[in-house]
């Protein structure tokens, strides 16, 4: 599908491991020192990185897990760390480290600790 | 794919965070003061907002979670708040706040409270 | 993608809330008084309804949940009500009512009752 | 998308209920008397069936559940019956019967029996 | 969609059982004696294998489970074995064996053992 680049200049399409995500540039810039912010910052940003190449549809290619990227992107949208019951928080932690999202890491470590405690209790139930 | 805009004028395609949803305009207008109703209301609506830009397929772009939008859209369709067992109600609450769907918030708060109580009981099981 | 309408005349593509389903006309006609049967019945059917408009790919548009439509469609295929462990049976019940599939409703009500009982027992476990 | 039929002649695309699967002909022939083997066998096979019509992308149309087809296809690939925790084995059983995969049915019946026993124990826990 | 092959020469698209994955060549080369490394190694590699044919979009076809390939690919990206709560580790083990990823197998066997122990305890709970 063809995109009208002028109308959607503040929208960024990401191809994370084969899955497409649409988000705004302002969402990706939320945490200024993160890799995502540095990839999509304007040229005055001291820490500017070159974004990766685009796929055929114009989406920036990122070689990471799409599943665990979803709560990362939601966190940038509204500031909450929200995981569904079956999602392994260790998977989200690996992505947080990769993208350099330092502010989310303490909350993920807390979720991992709680989940480990719960498993221990389940396993000692008998 | 090409759409015949005249035949489907009461159908609206949304691109929420990279996932496409199809719904009718009447569904989106269900709660008149919500952001969705104001985006797709007719011109006589006092609270009319400009909808966001469209992607290349004609879908309105919304920079939010697609997963947690699904129960929101189902609620507009039939008036029930229905979440699957693994879905975190906090995720749906964030979307309800964003879209300004005030009527759904008390039910979500009740689900969150029940889920927190249940976790507390699970954790004190030993 | 282009479809050869003559070769696939007994196949029907549905766009339910943004997700595409493929099924045969005979599956949709299984329960004669249901909305689906009436939408896709031949012209001699007394209760014939006009099907909804089609999207750009030729799929009939239906403004409902795709997730909860899946067990509905499987039920029409083989007559069994089969839900995965994390699926909320209330979601399937709303769809059954919408599509007018009366024969499935008692089984769904039974599943809902069992699931409510189980939750009550879980919550009184301590 | 266009396929080079000569290069991929041993690859078969299936459209099961609206979802596309790619597999090799040899995988589909694993259980010779099954419906899948008979649909894609060579002309010397006594039990040869005509495969169904193709959709616009060249995939053979099958009017069945895509979700429960996945473990069926994995079973043909490596001979193991592997279901995720939330998957209802009754759903896979219905597909095994439909496709005539007799060798998988005893293992599925065992999984269904174990799952029913476990539910009974859960429900009598108080 | 058309790809600019020169800009994305270090990106590889895989069609695993019908689902597309995007990853970098360097990720696939992580474990040198694995099948994936041998398929995408340069010509000096002694163990070079011919990769499979491509689909119409240029993705290499692999006749295996897409679901259980995801944690395999994440493991190659960051070295951690991370499974969600509902994922059957036996499914991932079958893929690890197929792709010849020997280094991941002991960790998967440990997960399978823990999961079997836990089920035994659940079943003897009454």
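Annotations
Lettered A, B, C, D and E in written order, each chain numbered from 1.
Assume a contact is a pair of C-beta atoms (placed from the backbone, for glycine too) under 8 Å apart; a residue touches a chain by one contact, two chains touch by 3 or more.
These numbers come from a predicted model, not from an experiment.
Note on chain placement: the centre of chain C and the centre of chain D lie 21 Å apart, centres being C-alpha means. Measuring from the averaged C-alpha position of chain B to that of chain D gives a distance of 35 Å.
Each of the following residues of chain B touches two or more other chains: 85-86, 125.
Viewed as a network of touching protein chains, the structure reduces to one closed ring of chains, two contacts apiece.
Order of chains around the touching ring, counted from chain C in the direction of chain D, is C, D, E, A, B.
Residue ranges on chain C touching chain D, taken from their complex, read 1-4, 7-8, 11, 13-14, 19-24, 27, 70, 73-74, 77-78, 80, 82-86, 117-118, 121, 124-125. Taken in their complex, chain E has these residues touching chain D: 15, 17-18, 53-57, 61, 63-65, 67-68, 85-88, 90-91, 94, 98, 122-123, 125-126.
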